[in-house]
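Which chain is which? They are A, B, C, D, E and F, in the order written, and residues in each are numbered from 1.
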Amino acid sequence: MLTLLAIVTGCLYAAGTYMMLRRSLFKLILGLVLLSHGANLLIFTVGGLTRGHAPVIDAGEDVPTSPWADPVPQALILTAIVIGFAVLAFTLTLFHRAYQTLGSDDPDDLKLSDQ
Amino acid sequence: MNDVVLVLPLLIPLLTVALSLLAWRWIAFQRAVALIGAIALLGASVLLFQRVYSVGTIVTQAGAWQAPYGITLVADLFSAIMVVLAGIAGLMVVVFSLASVDKGREAFGYYPLVNALLLGVCGAFLTGDIFNLYVWFEVMLMSSFVLLALGGERPQLQGSIKYVTLNLVSSAIFLAAVGILYGLTGTLNMADLAIRLGESDRPVLVTAVGMLFLVAFGIKAAVFPLFFWLPASYHTPPGPVSALFAGLLTKVGVYALIRMFTLVFVQDNAYTHTLILALSGLTMLTGVLGAVAQQEFRRVLSFHIISQIGYMTMGLGLAGLVESTELATFALAGSIFYIIHHIIVKTNLFLVSTVAGKLCGMVELKRQGGLYLSQPLLAFLFLVPAMSLAGMPPLSGFFAKLSLIKAGLLAEQYLLVATALFVGLLTLFSMTKIWSEAFWKPLPEESPASRNPPNLSSKQMRILLFPIGMMALLTITIGFCAEPVFSVAMRAAEELLQRDGYIRAVMGEAQ
Amino acid sequence: MERFFELDGAQVLGPSLPLAIASIFVLAIAAPWVNRFAGRSAGWLLAILPFCLTAYFASFTGAVASGETFQSELIWVPTLGVNLSCSLDGLSLLFALLINGVGGLVLIYAGGYLEGHPLLGRFYSFLLMFMASMLGLVLSANLLGLFVFWELTSLSSYLLIGFDQSRPQARASALQALLVTGGGGLALMAGLLLLGSAGGSFEIALLQSQAEHLRSHALYVPAVLLILAGAFTKSAQFPFHFWLPAAMEAPTPVSAYLHSATMVKAGIYLIARLSPALGGTDLWIGTVSTVGVCTMLLGAWLALLQTDLKRLLAYSTISSLGTLTFLLGLGGELATQAAIAFLLGHALYKGALFLVAGSIDHSTGTRDVRVLTGLGKVMPITAIAAGLASLSMAGLPPLFGFIAKELSYEVTLHSSAVLITTAAAVTANAFLVAVAIVVGLRPFWGSRNPDLQEAHEVTTPLWLGPVILASLGLVFGVFPQFIADPLVGAASAAVLGRDLSSHLTLWHGFTTALGLSLITLSAGIASFAIRGWLVKAAARWGGIFQWGPTRWYDWALTALNAVALGMTRVLQSGYLRHYLMITLGTMFALASYSLLRHGALTITFDWSDIRFYEAGLAALILFAVFAVIMVKSRLSAIMALGVVGYGVALVFIMYGAPDLAMTQFLVETLTVILFVLVFFHLPESTIVSGSVSRVRDMIISVGVGGVMTFFVLLSTPDSQKALSDYFVTNSKSGGHGQNIVNVILVDFRGLDTMGEITVLTIAAVGVYALLKLRRRSELVETGSTGETIGLVTSAQLAIKEEPTAESQMSSMILCTATRFLLPLLLLFSFFLLMRGHNEPGGGFTGGLVAAAAFVLYRFAFGVAEVNRVLPFDPRVLMGAGLLVALCSGVLALFAGQPLMTGLWNELHIPGVGEVPLGTPLIFDVGVYMAVMGVTLSIILPLAEE
Amino acid sequence: MIQETTSITEIAIGAGLAMIGLALFLTFIRLMIGPTLPDRVVALDLMGVLAVGGIAAYSALVNEPVLMDSGTVLALVGFLGTIGFARYLERRGHNE
Amino acid sequence: MSEQISAGLLLLGSAFMLLAGIGVLRLPDLFMRLQAGTKASTLGIACILLGAAVHFQDIAVTVRAVLVIGFFCMTAPVGAHMIARAAYAAGVPLWEGSITDELAEYRKTSKQTEQDAPMVESESEKS
Amino acid sequence: MTMFLWNILLAIVWGMASGVFTVPNLIFGFLLGYFILRYSQLFLGPSTYFLKVRQVVLFVARYIWELFLANFRVAYDVLIPGAVPKQRLVKRGGPLPPSPLRRNGNLSPYSGDVRAPLAESDYICPGVVAVPLDAKTDIEITLLACLITLTPGSVSLDLSEDRKTLFVHAMYIDNQDVEAYRRSIKEGLERRVLELLR
């Protein structure tokens, strides 16, 4: 299963990269989202995979039933997901405003600030 | 061990953020809170520095969970220095903002954002946990995104898009690298990572992960060829925002590079640090050439940031390559000294550029002028940081450059030294370009300021010049007191290179 | 690193020498105020200090002449080897006297010359700053200390050359001087550092004591070349000489002081200072003397061709500097003495002549030698001074210039290449005789040019300096013994590093040198006579000089700008895609090279343990990813993206991460809603990139993805899970919670969460501000107000909302259902919050669900209604949430525990039993509030758009 | 705890998961081919519901009831998404 | 016994789910796809959740399953209604085999009456 | 309503008394309580609760039965090859063929009329039908609309502005008899809903 998820992760990164290189701010954001999915899945996968068992302790016990899934990557990804959401919300709004103000969705039209 | 002084630099800005948000519509309150908070932050950072200076590295285990299990906050001398610098830059920028930021921005969270930025920066300096570092980076980045875009003017939006996109790429790489490190070692504590990576049976992979960190932090630090976001954006937001960015943000990247490549990734120095050295040279050169090509006050300064990042990483690269511990310490101390110098000088130059822009009504150097005659104090206050940046003795920049070049020569990296010297000359060139255009040259007829002179009240002017003057004074002071400052840098470098002290302080008896 | 080196037998002076330097710096700072309060007498007042210092230094002559050296120890930055320690020996003393003596006169002169100039105060300031720096330079006992002052002289020179800043030419010349000397300065720095590392110290005395070691050191050659490069630029040696004539843009007192008497001699000083340590080798002698000869000839020839008084003097100064370099390069007792004597003589006559030139300019308004005639009658005092000085320059007895010239001929006659050096010296000196006639005699001869009606004698400050300097030339010429031992001898001794006694006499008898002097004089007069022809001839051949170093400088600047612009255009192209490509490409290249540089890696693909539904899910995600890339319609892409997100969440569920999946579901849905809200307005993008760029992008993408796949496959965890083992065993006992992920979030790694809600809060502020804070011109579509940079809030302009269309469109069925759902969902969100510590849920999910409830309400009833229903401003709620979270973390501090330590208490609830209550739970409430506030802050304004 | 012996429940759930998976793919095809925006919305909505079912079945398969809660949340926000799209449709029209 | 019941319910539910999927893919117009998608899936989810509840035999799980079923019964029709309404309003065409469109008639007349007279006359009142 | 709460209380009491909080036990307790309460009508006085309970139970049972039936009907149509007209399936993703019933433009000559079905299918015979409402309150209308939608083959499309007519999209207008269909809803579902709620 690791192999499969590794490939899915790679595909997410590849697709994210590809989308970011298109000439559209919209696709750029899609690419960013894919990239962040890729990162999340990567952490999840390299943290080790355990089928089915949540790291939740059953009532009346002190440790979860073995084998439990590693809770650390889960906590990290959870943080990353929420941060990713915040970033995405801002980025979307920014691009939206940029489109309204600059009248273009083409990142190639954004050269003014560099020259 | 439980040191309140260690957490104050986090609590103070966080509290100001929360209070400012609570008083969302009460701007006078936000201004007051921001000012008090900035003063308190500086005070706390000085206390922290004093403490670390006297008792050595201090550590607090957040939540009382013993390292490596909880999140460790740790201040060694390097961190403490950085926090003090953040405090200084923060206070100066807040004071400057009081007289220069428009009502609209103030009404939409300018002050809490500045404080959030400081929070992120301080957090990044103080954390001893790699994922927590990611979180503070995000705090810092998010605040910088918003500060950059706040106001939504055309160039701002254009610059923001590039800034945001490239920094998000950096974050994605950072996050992935953290995940891989966790997979490799099962830990997130940086000291623990240092131990475990040393024992790793997969050194190739460790180095490759190190490369991911190099790229992620290299983007934040604006190292060649990852710096594009910086010149695209830094000149677009209001002056104090640029100043804060210019002073602090890239330096957090440099800080992280230094931390990671002195503490964690030290297994394959011959490879990694040679790479860092090569990138340093290229960074210096491309940055300064970029500056030469610019015709706008803040754009020139922006490219110079890049160029000077090259100097900062140069010391790191040298420190990893030389045999002698003494020389390595010296080189790294050069980097640290350079950072100290740079943060103060660069922040100040951006503040000066803002005042110049306000007085001339334009940002292009061609359409500025006459400030030498009309604003002699400002002219002097420009000259101090500008000459310091160019490495003119006896200002801070001279000693910064001297130490690095000396280290480079001792390490026999002649090509790099030649580059550094050449870049120094070009820095002088572009500083004098600004001086000549904005200050010496008479105000051109077509400049808007010659038609309707700016109406800066003298009170406003005093508030604007106060931080500039303070920082110029600091630049001079660092020059004259280079010995104590440099010896602190030496001690910090020593601590960085002798990892055991840090590791022992963090891990306690658990090790 | 290095310790201050104390020379054996040196007299330790205490801090008096540095204090002397510092006093001038202080005066420099005070000068503008002095000028403001003292008015016309400011120059006189300010000159008091230099004169006092002249006297002070003069008091050392006896002791110094007897071979003593005085030292002041002042440690500055020992770690870097930079010290301000000073030492006073013969060479330093000579320079110190010149600097202070000439400096005082120039200050007085400047008071008259720039009388009434609005920036006179600054001028004094810069001049004094230079004076202090120059004094520091010559007194420094430490090479890096010397360098500090060296650079300061460059800076003050820059400010003074550009003093008349309104003229573009002045600014350009100032820059040129700074770049050339600054560039040299950097070379010098490198050279000094190399020298220091070779010698193990930067203390000059210590270096001198190990000259042998240094000369055989591997770093000797680069060190010498770099140091000489610095010296040559500063002292305007060929091919760096061009900045000096251009520097004549400076006010004349500056030219007199910096660009003839003192600063340009800093390079000479350095060569002299270091020759005991570095001199005597073939490299040294060859380089220094060759460059000196070239400069001497070139300067003299070019001087002859000038028509501007100051440029004439500037080129003649270059020639003299060449002579000095040449003499010092040769080395040896005689040459050194000749050099020192020449240096002194030159400082006196050239300083005087420059000041005279300034007086003439001041008096007549012109410096063109072709029109300046017959001023002797109206400016008698100036004429006398000029006459004396120019005769000294021409090398006529009984002036000091004669003695110096005789000495230099003695040197050439004794040198190894007698013929060449003598011929060169005679030629150069002959031209300089002609120049001396042109500048010092011609303007005062003959009948007055009718155009110069306004000419008048100058005021006291303006003639005092020239007269004193010129007279000194006469006095020293007649009584050379006054200065032979105390100054020239002592200085030469310092340069040679050994004692010697000097015998300067005016009359040596009929020697070969005297013959050469006669030849020189007659040749000089002859060349003055045919000067017109010479100039014409030179004009014919003038093309050569177009290819001179000035051109090189211009080319270098142009090339620099072109390269800089070109490189920047290529790198900083403005194309975000290029930036991304380079950035990601760099990551790919570095990572893959690092992975593969030790040979191929073994990667195991394990397909055995895959369940069918896992494969199906993976396939679904991949299809969706493919769809995101391929579909044309934006909405389809957004939906496919949503499927990817849901698919990832299902992966989380499959491997036991319900919290994660929950959050992912919530976030993904909100993301899709955000996308829909935002792209409501946007048209389809029609740009399709070409196939080449698509293939290129694909290669990069596959590279990036491939590297990441390898990383995942390679970094499968060993069984070392210290962290999670600890969390699992301590979650219930230490964290009082059964949902370990949540305990990690609010307790073990609560600080992460604190940072995270801050990120959320900031993002919400950002979204709100981006949407609500608009430029005035954007809102006032007509743009009638014209150009306004000011920003206004939408509240100020009160955009009219249109609630009518909204409420009409809403479905009654939805509204009714929502009335029931809102309380239900809020209840559910509380449920999630409350149980989060023990079962999936928590502050995040709870907050998100609560926000979702209000979003639903907004969809049903519209913005106005939701604002009415919401009991709080979302921004304030975020702030409150942050504050609650913060306070829950800080409470521990008051209990003497580290930040965010959980404080727990068992709460007795009758009938239920013991309920653990702790600060992490309060923290989670803060998270709940913040997340809810944030989500509402983001979505509600976006939905308003 | 996944039992070693295959029980009737496991077989049923396996078959059920297969059916749900198939349904997901069919729905995904509809999501992609449209042709109108509401078609896609319907498909996406259905995919959410299918996922809830899949989660419930899977949690029964691995005997982990806590997994079902994420299904609950999905059910909830899936509805929100659908309503969001519907509102968007009303304003924008079906032409995307 | 309960094992068989839960297996049966899960199978039945999944079958309905599949049915929904096929329906959404095969049916000729949006409104019909919507029907298949909403209803079969609601029934399917109810069966699956009940099956899971029976499987776990846990009060908390059962209560939640029942609540979620209730929630679905409440939201699914509202959602379907909203999509259908919006789609219709947006002009999504009916299948060409449709035999009547009384809403279109109503809209037309109400638009006319809006202009002419305040009287609203609907198709249903005529009949 | 009070009776309902009593009933629940009794179920909980039963659960506590027996100490087993499993679903079957609680249901058993509820039923037990129901019959006890029903018996206690004798001394507590009559209550509408029991009528309502019967109505609800019958309503739900019948509704679920209809739901199943209708779902199977849809299933047949969807699953049996040929039941769904083929020409539509060919045109995936492409532009829609011109339809006389498309509402844009003035192409509605058939509105209000019944036209012959185009399809070969005997089952699918869709159309939009207006149902006049007796239901008045928000809840009544909403519940009715939801139940209509939940029944396969029909979706509540829209409500007229005067809230007197509900427009329903129906998949099976049997024998192409629109009136019969209208009646079946009015006298079937609406009547039962109103009975339940009033």
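Operating definition for what follows: a contact is a pair of C-beta atoms (placed from the backbone, for glycine too) under 8 Å apart; a residue touches a chain by one contact, two chains touch by 3 or more.
All of these numbers come straight from a predicted model, not from anything done at the bench.
Think of each touching pair as a link: the shortest run of links from chain B to chain F has 2 of them. Chains touching both chain B and chain D: A, C.
Relative to the C-alpha centre of chain E, the farthest chain centre belongs to C.
With centres taken as mean Cα positions, chain E sits 70 Å from chain C.
Averaged Cα coordinates give chain B a centre that lies 58 Å from the centre of chain E.
Inter-chain centre distance (chain A to chain F, centres taken as mean C-alpha positions): 42 Å. Between chain A and chain D the centroid-to-centroid distance comes to 21 Å (mean Cα coordinates, whole Å).
Touching two or more other chains at once are residues 22, 34, 38, 42, 71, 74-76, 78, 81-82, 84-85, 89, 91 of chain E.
Residue numbers of chain F whose C-beta contacts span two or more other chains: 96, 145-146, 156, 158. In chain C, 569, 572, 574, 576, 580, 584, 634, 654, 656, 658-659, 670, 708, 711-712, 715-717, 721, 723-724, 727, 748-749, 752, 756, 759, 762-763, 766, 770, 811, 813-814, 817, 839-840 are the positions where the chain touches two or more neighbouring chains simultaneously.
By the touch criterion given at the top, residues 16, 19, 22-23, 26-29, 31-32, 34-36, 38-40, 42-43, 53, 57, 59, 62, 73-74, 76-78, 80-81, 84-85, 88-89, 91, 93-108, 110, 120, 122-127 of chain E touch chain F in their complex. For chain C in complex with chain E, the residues that touch the partner chain are 811, 813-814, 817, 820-821, 824.
On chain D, the positions that touch chain A within their shared complex are 1-2, 58, 61-64, 66-67. Residues 569, 572-577, 580-581, 584, 605-607, 609-611, 614-615, 618, 621-622, 625-626, 628-629, 634, 637-638, 641, 644-645, 648, 651-652, 654-660, 663-664, 667, 670-671, 674-675, 678-679, 681-683, 685, 687, 689, 693, 697-698, 700-702, 704-706, 708-709, 711-713, 715-717, 721, 723-724, 727-729, 731-733, 738-741, 744-745, 748-749, 752-753, 756, 759-760, 762-764, 766-767, 770-771, 778, 838-840, 844, 931, 934, 938, 942, 945 of chain C are the ones that touch chain A when the two sit in their complex. For chain F in complex with chain E, the residues that touch the partner chain are 21-23, 26, 67-68, 70-71, 74-75, 77-79, 84-85, 88-89, 96-97, 99-104, 108, 110-119, 124-132, 145-158, 160-162, 164-165, 167, 169, 171, 173, 176, 178-179, 182.
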